[in-house]
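Here the chain labels run A, B, C, D, E and F in written order, and each chain numbers its own residues starting at 1.
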Amino acid sequence: MKLVTAYIRPEKLNDVKEALGDADIKKMSVTNSLGCGQQGGYTETYRGVDMQINLLKKVRIEIALNEDYVETAINAIIKGAKTGNIGDGKIFVTDIIRCIRIRTEEEGEKAIG
Amino acid sequence: MKLVTAYIRPEKLNDVKEALGDADIKKMSVTNSLGCGQQGGYTETYRGVDMQINLLKKVRIEIALNEDYVETAINAIIKGAKTGNIGDGKIFVTDIIRCIRIRTEEEGEKAIG
Amino acid sequence: MKLVTAYIRPEKLNDVKEALGDADIKKMSVTNSLGCGQQGGYTETYRGVDMQINLLKKVRIEIALNEDYVETAINAIIKGAKTGNIGDGKIFVTDIIRCIRIRTEEEGEKAIG
Amino acid sequence: MRNKLTGLLLILFSASGLFAESPELSESVKESFFALDNLFIFFCAVLVIFMQPGFALVETGFNSSKNAVNILFKNVIDLCVGVLLYFFVGYGLMYGAPIIEGFFAWGGSGIADFDGVVEGGALLPQVDFLFQVAFAATAATIVSGAVAGRLNFKAYLIYSAVITGLIYPISGFWKWGGGWLDAMGFYDFAGSIVVHSVGGFAGLAAAIVLGPRIGRFAKDGTPKAIPGHNLPLATLGVFILWVGWFGFNPGSQLAIAGKANTEAVMLIATNTTLAAAAGGLFAMILTWILHKKPELSMALNGILAGLVGITANCDGVTNIEAIIIGSVAGILVVLGVKMLDRLRIDDPVGAWPVHGLNGLWGGIATAIFAEYGPIEEGSSIIYGNTIAQLTGSIVIPIWAFVTMFLLFLVLKKIGILRVSREEELKGLDIGEHGEEAYNGFQIFTIE
Amino acid sequence: MRNKLTGLLLILFSASGLFAESPELSESVKESFFALDNLFIFFCAVLVIFMQPGFALVETGFNSSKNAVNILFKNVIDLCVGVLLYFFVGYGLMYGAPIIEGFFAWGGSGIADFDGVVEGGALLPQVDFLFQVAFAATAATIVSGAVAGRLNFKAYLIYSAVITGLIYPISGFWKWGGGWLDAMGFYDFAGSIVVHSVGGFAGLAAAIVLGPRIGRFAKDGTPKAIPGHNLPLATLGVFILWVGWFGFNPGSQLAIAGKANTEAVMLIATNTTLAAAAGGLFAMILTWILHKKPELSMALNGILAGLVGITANCDGVTNIEAIIIGSVAGILVVLGVKMLDRLRIDDPVGAWPVHGLNGLWGGIATAIFAEYGPIEEGSSIIYGNTIAQLTGSIVIPIWAFVTMFLLFLVLKKIGILRVSREEELKGLDIGEHGEEAYNGFQIFTIE
Amino acid sequence: MRNKLTGLLLILFSASGLFAESPELSESVKESFFALDNLFIFFCAVLVIFMQPGFALVETGFNSSKNAVNILFKNVIDLCVGVLLYFFVGYGLMYGAPIIEGFFAWGGSGIADFDGVVEGGALLPQVDFLFQVAFAATAATIVSGAVAGRLNFKAYLIYSAVITGLIYPISGFWKWGGGWLDAMGFYDFAGSIVVHSVGGFAGLAAAIVLGPRIGRFAKDGTPKAIPGHNLPLATLGVFILWVGWFGFNPGSQLAIAGKANTEAVMLIATNTTLAAAAGGLFAMILTWILHKKPELSMALNGILAGLVGITANCDGVTNIEAIIIGSVAGILVVLGVKMLDRLRIDDPVGAWPVHGLNGLWGGIATAIFAEYGPIEEGSSIIYGNTIAQLTGSIVIPIWAFVTMFLLFLVLKKIGILRVSREEELKGLDIGEHGEEAYNGFQIFTIE
């Protein structure tokens, strides 16, 4: 079992959700996040003072999946999130050792979906 | 060392904390999260328009533990979080390679607790 | 590839960012978190009633890195976050199996930075 | 308030008798007195209606975000329901012709035509209604804070109709309609007892029948704080209430033209301010001593307590006495909050310590500090005499407490009193209204 | 409003004729009438200006947090621009000497000196301007809610200058300046049509030309909710508007001294309150039936709807009729919101259902319920006659709709109407102003 | 303000001399003038007190959420403390009998009885106190914005007692009590200098002694923004202040009855509005040019700047001049903010640019634009002469700056001036009060 974690632009969340849904991936957890990266931030002014914003708003998606869905998930995320501009985000894949569905106490691959 | 990550219902956080406390597990980190899952969401109306809410409020708990506490932790979480209804959440276990306590710069199993 | 996750005091975030920047680590993701730990919380009163606050505000930093940067990152975080008092936080290191840059669809070590 | 009209009219009558020489001119002068007094009451009515958002903000700010919509809605709808019910029923009950002498009256539904003489102190029924309905709405809305976070919305609608339509007008008649309490010399200038203690004790009854919110008291009974979610709004609410009180108290003089009235109004206004300031200051000092830190939420309650305490007697005390009354109120409110905690009664915004307990204090302070003449020329009964004050300050709160206790008990019996445990935990906003107060904000409602 | 002055002055003139005996004294009496009436209008002007934050809060609260700064800014700056433009141009257009008889007038830039006689009902031009400019700002600011979330800020500045400088004053002249609608007996006491329907229909035009916000309608046309982000602020806004309306409607009597005026003012104030209460209650009941849950945001709209509906006729209906007018308004606003959803028009705050549709309703209810005398003594034309009401209630909305439709079309052509897709998604606060409304708060603006 | 009474009374006296024929009737007319003027001041006092939440919201909204409770508390408690201190000490110092001729006076503690004649312009001491204390509270509360985020709460209490009890009343006496500045012809109608510059320069002194907040200036001195956390509240605050200014300026006429007064009040009200509008517009335009984007927070400051600038002279300038004064104020405030940044002085809400700098501008604009007669009939000293204006506009700010500088220096020496670094980083809400403003909200206060 794998955990796919993606940091994407907030305004792309709906597109990513749609792309994942089309690929039949419907379970996920989403959190607010602030990101630093190549995008480097931008400069606003507040009351005439330059304000360097270098933590940009991002959305973090976590999807626990069985092995064979990982590729599909990655492709769907890229499809929904890519604009080609700096700041599109990253996808990380990590290992899950155990997965338990609290409601049924089922464990393992059948618990994930 | 393992990381136990659980997504639970917000209103169950206190029960889970209590159950964990009873099992002598007192360190954890908690974040807000929004989840999509089997629960499917619900429909509200806003100004007469149906509003499909499909990101539900969940709370995410992360607990770093030594191996031998994992089972206890999982049981405590289930004890506190289970209602038997859809939406109870999931528990994922992943590996931690290193753990450092910033205050003392201790590392490894003794740093975790 | 490794993921370094650190829970630190919110007021130390700027120092940590600076220390990481000095070590040439400029990419990261930051989230709000609430933590229970040795710090134990504190007691406030609200309208004359004792209020036990035991989820303390922490900030969570995630940095995906290539192997050889991990030590540097850990040192920088400690440098920025350590006060020597209880509540300074923890650093966890986990494995990343894959890393993809959404913008370019690059994968692996070159995608991380 | 209204029963003071008689005395007032007397003064003016005599004055107007002097206008013999130039009848048309004196007619005009009377018209200007008339316009002035009605304008004044109109202005004050607007201020009292403005108190409604004050209450809404205080109550909302002092509760959890998950119940904000519900609390706001209660404050919105009790005004709507209250205005209509008081129009159709309450106003006639409160200021009608006695049916059971001294106890119960009826003056018809709606607002009568003006059949008075155009002169100073003669209020038009339309503006009188406006001013009165704002008071009724105040009495009603006090409760919404005490029941926050667990009362069924339907139950609140029923409660709100009953209090503005029946309970408040009936006891109101006893005093301001010229009923038995008035006849024995009970004095309550602007309603410490008639308005605030009615709301405060109705709230207490509700809080007791309802029981505390989940988590408010630990299994062993130790109180646990459920802190308010928006202190800026609560603070704004208190400021608005302070401002609105400039309608509540000075307006209860019911006239401004004529030296005696002008002087009374201004004394009242300043006394109101001094008591509020003293209440805020002393509540802060006491919490600073008790809890080691000055607490905003208690200082805010202290201001309100000072305002409630001075309401019954603001026209009959000196500035210094007003400061004393306010200071005591500020201390009482802190102790009142502690007392409820001891008794394991959950009153999230302190409705009872502020309006109930300090309403009482206002009624009793009137006997202690204020000075008034006899209720009628030649009568030996003095307004504000100790016996009358004690009677009124006990009977009216009991009336409100008992009737409301029964009402809430009935609502409990028929099962519409309290929302389900699940709904309470998730918040009434989603449960009752399907709306969230702060869409998009990440809120952590659990601890 | 202003054209009622004539009748009023007549009454007073006759009264003042009687002061023959004591000229200096009668001078003083007139001065006190004069001071009273001007004070009254000043007081009402302050209340109407206070409506501006009311609108700002309602519109801000009913939209996403990412556009809050932009909406607030629009409400701030349309008052600033409006005050200056109305000073230099609008006031002269609305209350000037006719150039094209009945249709177009010009009275010069700025505010004329007072050259009237000191007596009741004689308003000083300075305070008259203040009262009038507050009305102009109201008409303008209604639109800012309808265009929320997508209109370019520059386009709003242009719109705002045009409506306060030209569109509102010109149609305002037709009625309140004594133009052709007034001549045919069209009646609109405080501006259901002249003010609110102008704003509401201008908003409708804007919403149509702009198109809906991204995500407001699914590809298949199903409406999707974009919920408001701060209902406490929106509720506070509605309460402030309710309070402000006590300046809007009663103040439109333009005088309080003299029995007839005093009575009118107080009837108006109570009618306004009753209609608001009924509007809120019935909107709540209807949404409860339709959506199974009582919705705060619709009850709030219902209150505003009741207020708009009673605005044209509050001086000519009974209390009961006011309740009926308000109840209908509360129902209409719910249906109006539904209608826009059907038509796929995106009006985020319900500017058209509240101000446009219920402005219309106010105009027509005047014909149905209100009773007025002839427009001049001896004339056979009755104020509020059905034909005049229908004409006015159709022509003015069309005037506002068509001119504004064209204006927004031109702005679209020159490419400054709507912000870019990217800016809209990120929010106009960052895009247009580089400022966030809630710095530091974790907000999840996407779903 | 008060010293204008004399002139006013004169006018009225002469008028009342004419009432010989019908003494009782003329008595009544005088009573109606009396009631009118006192009602007017009461109304204005309520509006000025309403400014207090305006300040509270502006300052809270423009600062970090972690200091919100502390700022609100300061605004609540400086009113409470101010009311009591001004009652016991300040009022007597400001309007007492001279002890050191022209410089220092004492009129006793508390409020004297009314011993005047009932007639127009004769204000009751009770309402006069209410109006005056609201001004004192304004001067005091301006500082709380400038010291936000780092001042110890105890230090604020001490400061607040000193300014309302001593500093403000003493310099207030120099002008409004009839002291030396008044004698030389210095004019300050409603307090650009006497109130606003005192607060603004006290704030400047505090900001300098305190030093900037951590992180406000980088090591190399570059200013870094610490953005406000709640612009909707700040905007509401500005609107409330605008509305409250209708009490501040028009009320300073101290009477409305009598043609001259009625006209003055209305001119003042309109001038106030025009200056505010112009200030907001020009501040927006200038920031748009300088920073490429129109900034809400600066436009809001611009409105306040316009209001402060017109305060000294609103009764003596034409509408057009009011627009000019407001426009300049709008520009000055933007430049003032920039200047402080250059000087590395941290004034989080712009208290000095708004109230200090534009207070000065108001004082000087009076010399440039306003026209007044001699200070006494026959005197050669003209109110508002250039020398007097320059003197007053320099001396009073210096008085406030120097005394407050010393006070804060003393507080620093005894170690209660500034909170610890750790407390500052965590926020004063937790540190000083153990309360959070927005319980449950996820807030990210660090960047």
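Here, a contact is a pair of C-beta atoms (placed from the backbone, for glycine too) under 8 Å apart; a residue touches a chain by one contact, two chains touch by 3 or more.
Treat the numbers as computed from the prediction; the structure is a model and nothing was measured.
Participant: Taking contact as defined at the start, I'd like the list of chains shared as neighbours by chain D and chain F.
Facilitator: The common neighbours are C, E.
Participant: Rounded to the nearest 5 degrees, what angle rotates chain B onto chain C on CA?
Facilitator: Between chain B and chain C the superposing rotation measures out at 120 degrees.
Participant: Identify the chain pair with more contacting C-beta pairs: C-D or A-E.
Facilitator: C-D
Participant: Distance from the CA centroid of chain A to that of chain B, rounded to the nearest Å?
Facilitator: One centre to the other, that is 18 Å.
Participant: From the mean C-alpha coordinate of chain D to that of chain E, what's the distance rounded to whole Å?
Facilitator: Chain centres of chain D and chain E, defined by C-alpha means, are spaced 32 Å apart.
Participant: Give me the residue numbers in chain A that touch at least two other chains, ranges are fine.
Facilitator: As it turns out, chain A has residues touching two or more other chains at 31-32, 34, 44-46, 55, 94-95.
Participant: Among all residues of chain F, which ones touch two or more of the remaining chains?
Facilitator: Only 21-22, 25, 29, 32, 36, 39, 43, 227-228, 230, 291, 293, 295, 297, 434-435, 438, 441-445, 447 qualify.
Participant: Name the touching chain pairs, please: which are they?
Facilitator: Chain pairs that touch: A-B, A-C, A-E, A-F, B-C, B-D, B-E, C-D, C-F, D-E, D-F, E-F.
Participant: Once bound in the complex, which stretches of chain E touch chain A?
Facilitator: Listed in rising order, the residues of chain E that touch chain A are 215, 422, 425-426, 430, 434-435, 442-447.
Participant: Can you check the complex and tell me which residues of chain E touch chain F?
Facilitator: Interface residues on the chain E side: 21-22, 24-25, 28-29, 31-32, 34-36, 38-39, 42-43, 45-46, 49-50, 52-53, 56-57, 60, 68-69, 72-73, 75-77, 79-84, 87, 110-111, 114, 118, 124, 126-127, 129-130, 133, 153, 230, 233, 432-442.
Participant: Contact residues on chain B for chain D in the complex?
Facilitator: Touch list, chain B to chain D: 10-11, 13-14, 32, 44-46, 59.
Participant: Going by the contact rule set out above, which residues of chain B touch chain E in the complex?
Facilitator: Per the touch definition, chain B meets chain E at residues 32, 34, 44-55.
Participant: Where on chain D is chain F touching in the complex?
Facilitator: 15, 18-19, 21-22, 25-26, 29, 32-33, 36, 39-40, 43, 47, 64-65, 227-232, 235-236, 238-240, 242-243, 246, 250, 256-259, 261-263, 265-267, 269-270, 273-274, 276-278, 280-281, 284, 291, 293-297, 299-300, 303, 319-320, 323, 438, 441-445
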